[in-house]
Amino acid sequence: MSDFLLHAVTVTAIYALIAVSLNIQAGYAGLLNLGHIAFVGVGAYAVGIAHQMQWHPAIGWMLGLAVAAALGFFVSRLGRNLGADYWGIATLAVAEIVRTFALNEDWLTGGAQGISGIPSMWSSMSSSASRWAFMATVLVTLLAAAALTSRLGAGRFGRSLRLMREEPSLATSMGYDLVGLKSRATVTSAMMAAVAGAFLGHYVSYVGPDFMLASETFMIWTMVMIGGLGNVAGVVIGALLVQGIYISVPFARDFLGIGSDVAGAVRLGLIGCLLLACLLWRKDGLLPETLRKL
Amino acid sequence: MNERSEKDIDVRDVVAGYSAEVDILRGISLTVAPREIVCILGPNGCGKSTLLKTVAGFLRPRRGSIHIRDEDVGQIPVHRKVRSGTLGFVPQTDNVFGSLTTWENLALGGQFMSKADCAQRIDELCTTYPVLARKLGAPAASLSGGERQVLSLARALMPRPRVLLLDEPSAGLSPKTLAEVFEAISATRDKEGISVLMVEQNAMEALRISDRAYVLSIGTVALENKARVLMNSPEMRELYLGGRPH
Amino acid sequence: MHTLLDIQNIHKAFGGNVVLQGASLNVMPGEIVGLLGPNGSGKSTLLNVASGFARSDSGEVRFQGEDISRLPAHRIVQHGMARTFQLPSMPSRMSVLEVTLAADTRLHGVWSTLLRPRAVREAEAEALQQANQLLDALLLTPVKHLAASAISGGQKKLLSIACALMARPKLLMLDEPTAGVHPNLRRDIVQTLQRLRGQGISQLIVEHDMHFVREVCTRCVVLDRGQIVADCKPEELSSHPQVIEAYLGRAAADAAQMKAA
Amino acid sequence: QDVTIGAVLPLTGASASIGEDQRRGIELATERVNAAGGVLGRKLRVIIEDSGGRAPTALDGAKKLVTVDKVPVVLGEYSSGITIPTAQYVIKEGASHLNIGSSSPRVRDIGVGSFSLIGLDNVSAKFAATDVYEQKYRKAAFIAPNNAYGQGVAEEFKKAFEALGGQVVTSILYTAGQSTYRRELQQIERSAPDVYVYSAYGQEAAIINREAFDLGLNKTQWYAIYLTMCTTDTPAQIANGQLGMEVSSIGPNGKSYEETYSRKYNEKMKSAYGSYAYDGVMFAAAAIKQAGSTDNAKVRAALSEVGRKFEGVTGEISFDQDRQRAVQPYLRMRYQNGAVVSR
Amino acid sequence: MFQFFLDVLIRTADLALVAVGLSAVYALVKFPNVAHVQYAVIGAFLTLTGQRMGLPFAVAMVVSCLLTGVLAVFLNTLVFRRLLRSGPAIAMIGSLAVSMVIVALVLGIAGSRPQRFEFDIVAPLVIAGARVSHAQAYSIAVAVAVLAVFTFVLYRTSVGRSMRALASNRALAEATGINAAAITNQISFVSGALAAVGGTMLAMTSDVHVNLGTDLLLPVFAAAILGGLGSPLGAVAGALLIAIAETSVTNMNFGWLVGQPLAFLPVTYIGAASFIFLLVALIFKPYGLFDREVRRV
């Protein structure tokens, strides 16, 4: 059972990291990024490709961060003068284009087949020690990311993002460069997501185009919304809840002996209901963003 | 007949607010007699707009009662009151339909009138407010602040309501237009026999056409008197109306 | 002395609707210029053009001798020109104080926020002090911890003035700063603006309240249908036939004349 | 305490019908083993995880089997594209993998610890190419899924067919999981072939067949590689007359399997793959017996041992040096009146 | 060429019915309702159920439209109206949640296996050398008819004007005497019913399955956005443009480029192609091609 707990904690922490990264855009800057998963995909593919090309994993990481940052920059520039929901769909489109690219360019990404057999991190250790070490790495990264984002949110950068989120023309009239703010927020968040993606690639030992399905982004959004848009602790709790449901339903299925369609339905339905209930009765999430007392 | 039938608007001890915890109006009573123009004055944030919104029906009073022409309207939604011709309301901000043209805005005001009647009324108002005539085909979002103000007033006047609620109708109007608008308000009262409850910061101009005025202070009535009395009393001007030391 | 703001021959049309037709205007250092005109004459549009929120079809805007006509709005602010809007709207999940603080845009990058070097800490302390002072002066202290969207219409106007002042501009452009503001407070605003002028902040103010104009402005420019029809001292306005015809109206002019007499 | 092994199957998704057939095979085998007293004196239990036809889900399932249930052997999946990553994960974690339904040549490269009970496509595609060529077709248009399986079979078929003197005029790999393949069909139609050679997973094949029908492409002959896979979900009227080949699912001593199946489920076998799953369980049980324990390393060694020669219902199974089934018989078939019949 | 034209038309019909409703409701409630595409799924399944219960197909479809319309109204009053009080972004995420719940219900009740309407299998029609199945022909005809009626209602009746007023400023609309709730319900009903028609038509030409809506999501949104959200006729035009983009990309023979008689772009690139098309359009027209709104500070 401890192995399973290890698994649960590791996966949850990776997703929490993704959710925390999305929160920089969605929570602080109010950017409706529906293509966030593309950044995760880039990170995961980078370690996959590095493995395939037999490069050192560190090169894969660097590459992933760089490409994610570039993609983030591109996406934010794209939104230069788009309305919020239009930009949301545009990001969705970009993510789909990235996925399609991964799906078709076999020479680089393994096409529909994806890349499998990615080695785990710390693979020089024994199998179980490496699992513990990996979990620790992910947890430490998550903590660091949470601390960094909280600090960002509380400081001047966060304040300017929040102003942009709510009153863009007021922010402009104060002298903020909205495009610059957007790109900084998106690039920061993209790089964090790419780190999570790289972890995911190492952990699952596989990466494929399915990693970047739009529904994955929606799941991340669910975590952020349930927890509390704009509140880092809330977002982590959201990830915990959603991931908890995700992980436990297969056991419920074994236990109750239901079919897998029904199990899938239960999982999706539970998360949907949870999200809906949250939005209806606790619209700002379990731990809402509060007005900051100064 | 009870005493209420004398009043067009009768607000009694109304308590209301936006969130459950905070009361913005803390027991306000006021009346507007038929054919009367009543002005509400008071510092920013004291609850003038809130009062108007409560009378209109956007907010439900937590306590107290609101009667318009003898009918208890505390729980009746706004659109029903407007439909029945009881009420016209001009909000302080966001007072036009941005994506509709000026003409469509007016036509919406007259949506419960016959087509011919509506067209005629639009013509009438356009003669009163030539600004509008020039902008009939333009989307209201493109109008300047003052033009919007005029448009929203005209829209509210379309169906000739019996009671008119105006929230700072003069804000942002040029002196000339302001005079015209106040002129039109009092002319409408004279011609159509409506009663008006309006919020104003432009105290001196507004009092000129008002019969009575209430001064609010943090959600309560601080003072009520005839407009003429208020205007002519130096200390009241000093205290409440921003009279300037000369 | 150099002109601070020099607006030359601006033309602007929206679709077929010509709004500005060759409007020119300048502001000298130390001046408070009133921009008057009937509703819809193009005052706000001229302000928008000057501050980069709208692009003119032709014409030029110079600030301290530099051509800023093609700069984006936020760059213009950085040159020292701040503005307010005629219809202010405020964020709902930031407090009044926070919005005011946000108006100080120094050092808001990712790294300076993460590392918080001394310069940042000092700037923050200074901004906080300044914000508190401004809010106090504009009677916003009681609401400073409320959500900025939940204050009344007039208070929003005041808040936007506070924000504009936080940027320590050389030129302040205010679009109807006192519309909807209580008369008592209007007096305070008058004093604030005059004090600012004393500190060397020039101003360009769109305003309809003639009392205010007379008290504050050193010069008035009147716009009608996109053209400048008068440029004179405030007290000369009420004897200017075109201004009376288009803007003041008989009655107001008479009243003003009477008071002047 | 039961002896447990694991399986990852496509119980939902495009290959759900075949996944169900595999599940039945597993069920029959478990019953059989337990009726005969189980393994190591304990009951045998097979824990089945659904892959949903998607690699990430399959990996989740495999992860649970290996880390939580700690099974020594994982069977499955069906699609090569999913089998390969799943198997790589399983063997990396030290457990062993039994391939019971994937045929891509790349399965060979998964690594030590992975064993195939079914033949790979270097043989089957040659078989199909010869068959098509012998039917006097010379210009073939080819369509198959874009994954390890489709890529492999496309390549092998083209090689074999052109070696015989035929020509593959277009070859299109479709992306799994779409709701329409109309555009792909319109593309291959442009090449005016005299036979359409295709291979597709159950529900995807159903869409392809119906849309081909709507576009009038069925006027030309269709030839299915792995015919039962391609027709399980297609309406009989539409699939009628298709030619094809299939793995031989019932070997010399497989009659009893066929009979138990139709007795238990009241219908004929839905595809050719249930019997391979059956053999998978029997094979694993034999290995555990031989290893005398459920220890990963011992079971892995025993699997090689059992694979020297194993009599399964699908015929005799023996591994080549890469742990792949060495001999795999295939059948020539035709779809007629709602059933697949030998020709 | 005629085949190309027909293919474009078929795809347009599929997308337009759903996109139109999406855009119309957007105009009113100012958030993109992700659950809208799931109404199409529900419509398809209800029609299927009706047909299996022995109703003639047309009757089953009408019943399904009514029920889906009612469901849309129901969701609108119970869920979306409340969510909207917290702003459009919340409402959009809420619609995502509703969408998940709907998919979960359909998955739980009907399973993930595709199902088919009971129609006789008949050979396709051949018109001027182009082939179109009976189902597709019906679906084009129904789409054209339904859209014509819808357009009439929107631009020729006073409901249309009230609707646009409501979209522009809700509080003011109420102050003008418009019953906001009633109008929103009417439009929700119509859009739900339209989506049900769209879903049924789509399912008629392919399958009734749970992913129907999810597959539609991206192209439908692309169409609605391209046309300018809130502009229903824009959505139809958007659908047409997306259909043209998709169809021409896959029909283009790139053989001359690579020196082979026939070479096509992989079909999976069509999604990407229409998205690139969308992105480019948005760069030049940030609020869609048919946006007419005036924005000023």
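The first chain written gets the first letter, and so on, giving A, B, C, D and E; residue counts start at 1 in each chain.
Here is the rule we go by: a residue touches a chain if its C-beta (ideal position, glycine included) is under 8 Å from a C-beta of that chain, and two chains touch if they have at least 3 such contacts.
Here the structure is a predicted model, which means the values were calculated and not measured.
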item: Contacts common to chain A and chain D (chain labels); value: E
item: Farthest chain (mean CA position) relative to chain B; value: D
item: D-E or B-C - the one linked by more C-beta pairs in contact; value: B-C
item: Distance between the centres, which are taken as Cα means, of chain E and chain D, whole angstrom; value: 38
item: For chain A paired with chain B, centre-to-centre distance based on mean C-alpha positions, whole Å; value: 51
item: Mean-CA-position distance for chain C and chain A (Å); value: 43
item: Residues of chain A touching at least two other chains; value: 103, 169, 261, 264
item: Junction residues of chain B, two or more chains touched; value: 142
item: For chain D, residues that touch 2 or more chains besides their own; value: 12, 146, 175
item: Interfacial residue positions of chain E with respect to chain D in the complex; value: 3, 7, 111-114, 116, 121, 123-124, 126, 131, 133, 136, 206-207, 209, 211-212, 215, 246-247, 250-251, 253, 261-262, 264, 266-268, 270
item: Parts of chain E lying in touch with chain A, wherever the complex brings them together; value: 31-32, 79, 82-83, 86, 88-90, 92-94, 96-101, 103-105, 107-108, 111-112, 214, 217-218, 221-222, 225, 229, 266, 268-269, 271-272, 275-276, 278-279, 282-283, 286-288, 297
item: In the complex with chain C, residue positions of chain B that touch it; value: 18, 42-46, 49, 92-93, 131, 135, 138, 142-147, 149-150, 168, 171-180, 201-203, 241-244
item: Complex contacts: residues of chain E adjacent to chain B; value: 158, 161-162, 164-165, 167-169, 171-180, 292-296
item: Parts of chain A lying in touch with chain E, wherever the complex brings them together; value: 30, 32, 78, 81-86, 88-90, 92-94, 96-97, 100-101, 103-104, 169, 214-215, 218, 221-222, 225, 261-262, 264-273, 275-276, 279-280, 283-284
